[in-house]
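Letters A, B, C and D mark the chains as written, and numbering starts fresh at 1 in each.
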Amino acid sequence: MYVSETKIRVRYAETDQMSFVYYGNYATYFEVARVEALRNLGVTYKDLEDSGYLMPVIEYKIKFLKPVLYDEELFIKTTIRDMPKARIRFEYECFNPKDELTNTAETTLVFLRKETRKPCPVPSVIRKTIEDFFQD
Amino acid sequence: MYVSETKIRVRYAETDQMSFVYYGNYATYFEVARVEALRNLGVTYKDLEDSGYLMPVIEYKIKFLKPVLYDEELFIKTTIRDMPKARIRFEYECFNPKDELTNTAETTLVFLRKETRKPCPVPSVIRKTIEDFFQD
Amino acid sequence: MYVSETKIRVRYAETDQMSFVYYGNYATYFEVARVEALRNLGVTYKDLEDSGYLMPVIEYKIKFLKPVLYDEELFIKTTIRDMPKARIRFEYECFNPKDELTNTAETTLVFLRKETRKPCPVPSVIRKTIEDFFQD
Amino acid sequence: MYVSETKIRVRYAETDQMSFVYYGNYATYFEVARVEALRNLGVTYKDLEDSGYLMPVIEYKIKFLKPVLYDEELFIKTTIRDMPKARIRFEYECFNPKDELTNTAETTLVFLRKETRKPCPVPSVIRKTIEDFFQD
């Protein structure tokens, strides 16, 4: 299991007239969270793309427990629970500054070859850096 | 069961450098789809808010089957399968111009009183217009 | 001079907690407005890209006169005042459903060759369809 | 004159299929930049709203000099050149990691009373913290 933590401050642009963060904007927060999770491993998503891979999301689920407000600094805990193979799954727990759990989510991504847009196994640069976290 | 159909054209702003619609932007398409579904019933979400209700999303799930591309006119089929009570659930099927199913999703929303931000039953204006679709 | 008209309905996602459309979101409305202005001429921006051109914005200005509200159907009048050469300039006037002018804006775009990302003159497909509007 | 500096990393969501940051997304970066400029003075925009003010943008201009790319950490220099009275003007210079100037922009905002949505002079909490920077 690999766990990473990220902080993100809510922008005004991300609120809606309900004075909550718009429900569609969390997807971007989780993008940041998983990119930072990889960066903490020494892998940047940018380098992955530059070396010929794409990682589109194929499934996304979120449950909203409490609204998130403008200017709150969110704390997102990102977990990779299973060793990635053809897919990589990230789970997210998002906390507000009062340490209340505001939502939980998960995304599943696949690996594609950029040129062919065909699926491929987890790139070795990810596999090598992450496999230590999944030893028995 | 109540079914409604909406067309939405993909904006350049909604693509990302993968040349697909960014995975977070579908939430906005579904917002448009369910607002139009209600409008087709004679209920505008704006009027609902003006009459003292809010309808935040409490759960959202999406499965991505095929990428959606810039300038494609999407056809979204929105279904309310169950008579709304404390919650209202919308299911979405999104088709591209080749009539291929590109993704399926669902959102569950609750009804809140705007003043108190407390849950309440389905507003009568929705209940009355929709209940004819759920007769045995 | 070439003038085109487009209607766009404000989405909830585009509002902010001031209950106005967020100031950054008009750029997307103007993208839609100029793409529709070209489409009305028989040119799609998608085809332009597919035939090897890009049209990045190099300058954008907007003055906000009145706030725009959720669910309003905006009427945008797009004007190309000068025959495009190395650049193309679009001017926008945005009206709300009460026919009040809510903002005025302009964008200047250049033409790039997609492969080289180098500037080039206006593509002939645009020049040919538009030059009739600029006869003396 | 008051100058503040902010760093912002480009998110994937903010790119478009040209592989540049979408031209409309800079507005959000400048929102972050001016909010951080105020925070560095000890004033949060959130507190301003909570104490009864709104600060809508009434004018925005941007010139794009170089494209900005995914994952770049931008350095934004925000300048308040004139003592704010009925209006406050922020100027922005945005640099990429190679220290190249990628765009310049400015926004003018007014102060409104939240309740009445009527203009008012610069709130004293801003005036007091900022006036030291505008002594002769």
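In this section, contacts are C-beta pairs under 8 Å (C-beta built on N, C-alpha and C of every residue); 3 or more make two chains touch, one makes a residue touch a chain.
A quick note: this is a predicted structure, and the numbers were derived from the prediction, not measured.
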Completion exercise
Most remote chain w.r.t. Subunit B, using mean C-alpha positions, is D
Handout entry: Computed distance of Cα centres, subunit D from subunit A, in Å
Key = 28
Completion exercise
Per the C-alpha means, the centres of subunit C and subunit D lie apart by a whole-Å value of 24
Exercise for the section: Using mean C-alpha positions as chain centres, tell me how far subunit B is from subunit D in Å, no decimals. Expected result: 34
Practice task
Could you tell me which residues belong to subunit A and also touch two or more other chains?
Solution key: 12-13, 17-18, 22, 24, 27-28, 31, 49, 70
Exercise for the section: If you connect every pair of chains that touch, what shape comes out? Choose line, ring, star, complete or other. Expected result: complete
Completion exercise
Seen from subunit B, its contact residues with subunit A in the complex are 17-18, 20, 22-28, 31, 49, 54, 56-64, 67, 107
Practice task
Using the touch definition up top, name the residues of subunit C that touch subunit A in the complex.
Solution key: 12-13, 15-19, 22, 24, 70
Handout entry: For the subunit A and subunit D complex, residues of the former touching the latter
Key = 11-13, 27-28, 31-32, 35, 44-46, 49, 70-71
